[in-house]
Amino acid sequence: MIIVLRPDASEREVDHIVDRLRELGLKSQLSTGQERTIIGVIGDDRILQNQPLTALPGVESVLPILAPWKLVSREFKKDGTVIDVGGVKIGGNKLAIMAGPCAVERLELTVGIAHEVKAAGASILRGGAYKPRTSPYSFQGLGREGLDYLIEARKQTGLPVVSEILDTRDIELFLEKADIIQIGARNMQNFELLKEVGAYDKPVLLKRGLSATIKEFLLSAEYIMSRGNRNVMLCERGIRTFETQYRNTLDLAAIPTLKELSHLPVIVDPSHATGKWNLVAPMSKAAVAAGADGILIEVHSNPECALCDGEESIKPTKFKELMQDMRKIAVAVGREL
Amino acid sequence: MIIVLRPDASEREVDHIVDRLRELGLKSQLSTGQERTIIGVIGDDRILQNQPLTALPGVESVLPILAPWKLVSREFKKDGTVIDVGGVKIGGNKLAIMAGPCAVERLELTVGIAHEVKAAGASILRGGAYKPRTSPYSFQGLGREGLDYLIEARKQTGLPVVSEILDTRDIELFLEKADIIQIGARNMQNFELLKEVGAYDKPVLLKRGLSATIKEFLLSAEYIMSRGNRNVMLCERGIRTFETQYRNTLDLAAIPTLKELSHLPVIVDPSHATGKWNLVAPMSKAAVAAGADGILIEVHSNPECALCDGEESIKPTKFKELMQDMRKIAVAVGREL
Amino acid sequence: MIIVLRPDASEREVDHIVDRLRELGLKSQLSTGQERTIIGVIGDDRILQNQPLTALPGVESVLPILAPWKLVSREFKKDGTVIDVGGVKIGGNKLAIMAGPCAVERLELTVGIAHEVKAAGASILRGGAYKPRTSPYSFQGLGREGLDYLIEARKQTGLPVVSEILDTRDIELFLEKADIIQIGARNMQNFELLKEVGAYDKPVLLKRGLSATIKEFLLSAEYIMSRGNRNVMLCERGIRTFETQYRNTLDLAAIPTLKELSHLPVIVDPSHATGKWNLVAPMSKAAVAAGADGILIEVHSNPECALCDGEESIKPTKFKELMQDMRKIAVAVGREL
Amino acid sequence: MIIVLRPDASEREVDHIVDRLRELGLKSQLSTGQERTIIGVIGDDRILQNQPLTALPGVESVLPILAPWKLVSREFKKDGTVIDVGGVKIGGNKLAIMAGPCAVERLELTVGIAHEVKAAGASILRGGAYKPRTSPYSFQGLGREGLDYLIEARKQTGLPVVSEILDTRDIELFLEKADIIQIGARNMQNFELLKEVGAYDKPVLLKRGLSATIKEFLLSAEYIMSRGNRNVMLCERGIRTFETQYRNTLDLAAIPTLKELSHLPVIVDPSHATGKWNLVAPMSKAAVAAGADGILIEVHSNPECALCDGEESIKPTKFKELMQDMRKIAVAVGREL
């Protein structure tokens, strides 16, 4: 860490800073430049990042040198993490396609969609039993019953299921019934929930928050890993910007960036990112081209009657076509699908 | 609600839309313009806002006419809500100043700060016992013990306390120990937590999410109110933008906007909004001038050693001065402090 | 256009609004709903969009029905525009690759890079003679001399050249020397410059502003077309968001969106979008997968000594590889390169 | 400047970096930490900021120590700049209120508004003769004739006038007719225009770009000052964010921040910032409380018929009230108005 001093910092202020660093068990190295004096701090940067050093008189700014995370970093673990979910590998050469309805609605519908996405080549079934909705008057999901429908669909198709948890009190339920626990964008910084899923080894799909930086995203993954759970997937699902043509702005540069900084698999959700069914196909293809390890897609047999996010769901026939298109691109970038 | 049809929408598509609206119990009124045909929908707009109407073939866009909230709106309740917290009125002519340390650290420190902010004129004591920290390696708060320190400070000073809840499992604890339950920015869309605090009548201070629109902010308040709790305060605490000079961008236009749209009191937190102690005073004064009903300020006797957010905390002497300055501005805008 | 009235709008206010619309030559149609009265306005929406209707007493909000642009819209011209630049077609089935140094520096360097990018398959040479730099102390470009170097490179390689104009006073120079005139992101709303290039039929590459919405972007293209110039290309080059890992956030969903709303060709610039050379390849591939009509890439034989944006430039060998990779993806999405 | 090396940087790469720095006339100081080696660079940081150092193999990141501007900085000039515009002082203890119509429309109207704002206490008349409009179909201003109307208003009232320039070719005209030349938000990075107004000593009001950081804003002011013109005022007018309730988000924390970093006067424009007349008064008051040196307000006698931005203009009577309210707040913060 580098501490930049104000041009008018007094000797007494500098001494005070050096003393304070010593109290924290750190050594400091003064370096006087033409216009600024700086203090290089030797020791664990991560301790310092929690100290309010800019509150010290005479300090102009503080520049961290090290990333604030550890377990998630590529520096810590060179090889990419491959997560095994009931035999499906996520993070390897083959892309994982997770598809299904936004919300679980009826048993037959859920099972029907599961059969269709499996036939088209999906390897994981997605479906929301507990739905985080912006309005209290929107459909809130079937809850426990919805999870049971997913289990029935898994039984019939063999597809492992991913579903979103909303409340720490439901952890037992999800450990029992889901194959991957999803932490949604709105809960990316619900730290109690992160700690809870971190305490087990059940795979977690962590979605990037609506306005989370890459740094905050990785720190949330670090929360989970620091509790012991190594099976974390990162999911880019669009960030909030000023543009109103789509629900969010899909940030595909996040894919190579996350893969460079971290060893964790990166999944992309073009459905929630755009909120528009006709953008799902081009953005899925782009995500594959940019190096994603998997794609999470909303598929519904009757979008116009879907109880949640029908405007961004594609029909099974459209999904089948998209699978073929994505497969060609996967091959073009040296991957399988 | 207005449904705008695509210029190439077929008659069959139009009929299908009208049928679908009828199924939902709504009447429709067709109007053919020079370049577009539109359908005016008569009935409760709020039902429609949950329907994926843009998924219907032939629909170009859907324009809502009514706001999606009800209980929070000024239209629903003309008079401003005044919340009574142990005798302190929030939302009336007199501004409520809530001050104290970011995190509760030690008993004597907490009690000492409480005495100082009270002497300067604060009417509520703030302090975090459970801290939502971006990094898992940062101080996470004292938990239950921290709440007890706050209670001791309340006992000695008479100041009601506001503290942040992070987990639905802690609701009983907060109902017992806090006077106002704070929902932090990162949990503004933790809907399970909103529902939980909505089930009681304990006052709630709801912070605006980092990238929450005014609309989403009010819908989160609606979540709480829809469960029965009428004692909700809205807290503007800065939004995320591209600017990196301050932690967040304080959105003061939110004050008159929220007061126009809603009857709920509006509090401003300049400490978290800016993340810089030297911006706290000018932004507090600006918030009072813009019509805030209260200000939430971090005060710490020794910011450079604070375990949390010391860089944005002001010292008690500085707070005392600020109180005097804010009082002059309050008078200039016809309020008391 | 739909005018939504306030719930407390008086009869007199309504009459006044209707009168005002009549003065503007428009008919109005009143429709009374359960909670709001609305006025449907019949006539050219575009006249209305310039009227301050929300300033009329009794008006709650105004909802436009029609897009504010005309000439750029897909509705106005069904077939995609194909622009011919010295025999190179932009907007057809074959993608146009524009490559070259950020800034033109020396004659031999420029000609050398031109030969290399041509050999790799590029069809247009890019190079900045006039450079818009954030700091007045940065290299500002060679000016007229730089344009002459580009002309020499064109003479030797046959590649048409694209270069950025900064000042209306340089229009004659660019008409004479450039094959495509680039309007940079910072000048997207320099309306005098838009009008100037609109007065000729020289092809224009219009870059999206740093924080321009799709709507504003298309309106800037409309400025050019409304003056008569039909040869406009739209260039997505990243937008400003809160993320600081890359210079800008490349918005690839803009590609299918622009192609749906407009008939103009869409080019993507991954170099400026990311500001990092190692993100150029994945983002170029993603752009091709998402349906771009062309890619604009910075290539420099010695990036570490480049006078401008060396950190985002790739070397010719890397560019050659990228061309091969993009070609595979182009084929996978049914295009040529 | 600090160069942080990658953990895997080879000795050869380090030598190469040091050599490159030497070529640029700079000394370097290696410092090996536990997890990273860093190079402290001694010499003028501003040279380095134009070098693509991250393009050098082995470099992880580059951290600037010094601000990239010089002439605008408070460090360069301790005392606040006071600009004299025809006897009106801007930047001193007394606030400057600039008021008038968005666009100059008719002579009598312009003169009438000028008399009214003067009577209420304004000291500068604002009015647009050349209007930068998002749509080519909107009113583009009266041009030269509009400037003449402003001159007539000045003649009758004695108020100096501020008006916006759009094109470098109009510089002579503005030097002759305007007292303050305004550079609008959309032209904040029209560097040719900045250089042009920088070549004279005519006062310039520079507006912050829609998505300009504080850093970019100050660099644009530096452009003007680096050409010799010392009479620059900075104008905060709202930045672009995701919020859609107001046209822009007024960033009032920019006031104390700009005043700390720079010696230039800071003006606030609440009309363009919000785009809503009913937010002008609270935001003007907040700006005064936050320490602004002046306020720029749109006033129109008949907003509903204004040819430009009527929805954000206030009427003269409302302006008069606002002046009284602002005066009270100015006094409360130790200023005059």
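Here the chain labels run A, B, C and D in written order, and each chain numbers its own residues starting at 1.
Throughout what follows, a residue touches a chain if its C-beta (ideal position, glycine included) is under 8 Å from a C-beta of that chain, and two chains touch if they have at least 3 such contacts.
Quick caveat, the model's predicted, so the values are computed rather than measured.
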item	value
Chain located farthest away, centre of subunit B as origin (C-alpha)	C
Of B-C and A-B, whichever chain pair has more C-beta contact pairs	A-B
Geometric centre distance via CA averages, subunit C-subunit A, whole Å	31
Cα-centroid distance, subunit B relative to subunit C, in whole angstrom	38
Rounded Å distance, subunit A centre to subunit B centre (Cα mean)	26
Multi-partner residues of subunit A (each touching 2 or more other chains)	211, 240-242, 244
Subunit C partner contacts - residues on subunit B that touch it in the complex	2, 4, 7, 29, 31, 33-36, 38, 40, 42-45, 63, 65-66, 75, 211, 240-242, 244
Complex contacts: residues of subunit A adjacent to subunit C	211, 213-215, 239, 241-246, 249-257, 260, 273-274, 278-279, 282-283, 285-291, 325, 328-329, 331-333
Touch list for subunit A against partner subunit B, complex	20, 46, 49-56, 68-69, 132-139, 166-169, 186-187, 189-192, 195, 209-211, 216, 219, 222-223, 226-227, 240, 276-277, 303-307, 309-311, 313
